[in-house]
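Letters A, B and C mark the chains as written, and numbering starts fresh at 1 in each.
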Amino acid sequence: MHKEPSKVHTISIFTTALDQLRSSVLKMSSLAQLNLKNSIKGLLERDDDWCNNSIADDEEIDLLEMQIDHEGIEVMSRFQPVASDLREVISSIKIGANIERVADQAVNIARRARKLNEHPQLPELHLLDRPIRLALTMFDDAVRSFAERNATLAVELKSRDKELDQLNRELTDVLINRMQDDSANLPSYLNLIFISRCLERIGDHACNIAEDIVFAVSAQDIRHPSKQQ
Amino acid sequence: MTTEASQHPLELTNDFAPGESNFIKVDNFKFFYGKKEALHGINLEIPSRKVTAFIGPSGCGKSTLLRNFNRMNELIPGVHHEGDITIHGTSIYDPSVEIIALRRRIGMVFQKSNPFPMSIFENIVYPLRIAGQNTRSVLEETVERCLRSAALWDEVKDRLHDSALGLSGGQMQRLCIARAVASRPEILLMDEPCSALDPIATAKVEELIIELKKDFTIVIVTHNMQQASRVSELTAFFYLGNLVEFDNTRKIFTNPSMKQTEEYITGRFG
Amino acid sequence: MTSTATHSDKNFFSADGKGTSVFRLFRNRFLTGLCVALSLLTLVPLFSIVILVIQNGCPLLSANLFTQLPPAPGMDGGGFGNAILGTLVMVGISLVFSVPLGILAAIFVNEYAPVSWLASAVRFVAKLLTGIPSIICGVFAFAAVVMTTHKFSALAGGIALAILILPTILLTAEQALLGVPYAFREASFGVGATPFQTIWRIVLPEAMPAIMTGVMLAVARAAGETAPVLFTALFSQNWIKGIMEPTASLSVLIYNFASLPYAYHIKLAWSASLVLVALVTLSNILAQVIFAPKHR
């Protein structure tokens, strides 16, 4: 599985450019992790400051996404990478796009959290604990498997995504029932449903990232297994 | 530009698997320059009407193997071989095989274009003349056919009797391709055919190679890996006289099986 | 970086401080001038010869020189038509022997078996023969032909000259063949040509101009040699009747007449010299034109 070429390129600036691209992705992912954690903190601690932090820092992530695209295109046009290098560049660009979406979901969560904070806390907020923990660990593991080039860890993410999807469906059903009983708090229930939906999307993006990592490391395409061959 | 590029990306099953049709079969082939063993037991099956690229660093044996297919290596004193090469199931070393006839069935294009110091016309009919064919109509028909298949006809049809040495570098190389197909060979061997050409002339020759594979089995040695990935269906990677990996070009350039191949094509060598 | 820093105050193109630039400039000019002067000096003997021959040879120049026989000693008038013809015949005979032999040997040595012991032997002997004094060739032909046929003859003269020029032709032909790019042979073999076809259709035509240069060099040498002819063809006051007769030649005529005490004969010798030089030059130019490469 792990057959990363040991030596560096004969053209050292090629190695440098690839390293630069890689560190941009890592920088972007740690920023996204931080933003996501800030949003969650704002939600659970009912603190608008954390939410505002997360919303403000999203701009830097957008810039980093553009920088990754730029660096990826630069590597391709200057060095015409093939094999593992080509896969690394392609997947870096795709991972960049997915991280950007994760960060967007963090912003969405922050915005919904601020709205929730305007009203008294609902006891159902703690129904989100499990999906939050799952989404956070999934994204953390996706980032870790990129940093470690660990395809095994990446493959494992797919099954956890199913669990998150299931949690989201159950939670939505519960909250819809609660909305009927407690129509006064309807906007807040709606916001909770939206947040649950955001967490589910983060799981999807973590999965996409995992798929790109598997492709980069082992050249296997694990997307849509039913539609291949 | 290429038919290859216009193929649907999901058409993976259309790819060619090695061994499907073994037109040229190399069987545990060893080759020696004097005492030095240049090829260490190569096994390889090259399919018909496909472009097969040989890649590898200088001195890896790719040219040596290519030059054995038409036994050009035997012009060098003190060489010998072990093992066998068969074409269509017949050993090229069979005593009944005439080396002259073998070379007529296998066209060869060299690294440096080498037109004879004669007219364009005489260059192309040379293979016919040495075979005793001097009928005017046959020669004229051959010149037009070959120049057309080398995509050179429109450029030179008005100056067929001018010196071939007045052509541009790219035209000269295409003239050599035209000459190589004059005796209607089945196989075309190309030894770094574009290494002395500028990018535009290179593109024309590559386009020609893709066009020619309809009629010929083409084996091309190249140092330009982009070229190998553009024109070939199959790629063989040689290193230090060994065949390291032989597979679909697409596979070699996206996910080679061998670490040495990966290191070579990604530029991590030495 | 350090070197640019230390010189940053100076002109970028100025000398680096090793010796004064004025001295180096002077030395350079002096040596260049010396080379030019020495080159001009080598031209002095060459031009003096040509000018001397033209000066002394021209006064007697007329059509009669080419059509009439030499005068008896002490007489005036006449020419050296027989000597011109004799030289042409003997050079012709020598070429008939030496050109095919030399070129074929060169082909063998260069194309067929370049690393064989036979090729090495041929090369060695040819190089040895180029240094052999021409008079030895004459003595050899005298012993081999004149003694056996009991006659001085044009044939014997031609054979003596053939031996003399054979190594020149062989070695220049080999160089000429060596000068044909290997790519041509490769291309020819590549389309299924035999070695013979390759040599005959590709290599020889390509090497021909250079081979002919060698042959012309040999012709010039053969036409000018006196010693081998003196021993073998002797001389004749009459027109050549057959190749088995003693025959006049320009070189022997010059040698003979120049040592006579008659002014007219000495003038004839000068004219003969002029004709000899002209003949050699003319045949050289002619060969260059005829065998010039067609496709360049």
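To be clear about the criterion, a contact is a pair of C-beta atoms (placed from the backbone, for glycine too) under 8 Å apart; a residue touches a chain by one contact, two chains touch by 3 or more.
Keep in mind it's a predicted model, so treat the numbers as computed, not measured.
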Using each chain's Cα centroid, which is most distant from the centroid of subunit C?
A
Using only alpha carbons, which chain's centroid is the nearest to the whole structure's centroid?
B
Would you mind pulling out the distance in Å between where the CA atoms of subunit A average out and where those of subunit C do?
89
Rounded to the nearest Å, the gap between Cα centres of subunit A and subunit B is 50
Going by the contact rule set out above, which residues of subunit B touch subunit A in the complex?
225-226, 229, 252-256, 259, 261-263, 265-270
Across the complex, what residues on subunit B touch subunit C?
70, 72, 75, 77, 100-104, 107-108, 110, 112, 114-119, 126-127, 129-131, 163-165, 176, 179-180, 182-183
Any idea which subunit C residues touch subunit B in the complex?
115, 181, 183-184, 186-194, 197, 201-202, 205-206, 293-296
Which of the residues in subunit A come into contact with subunit B in the complex?
3, 5, 7-11, 14, 79-87, 218-219
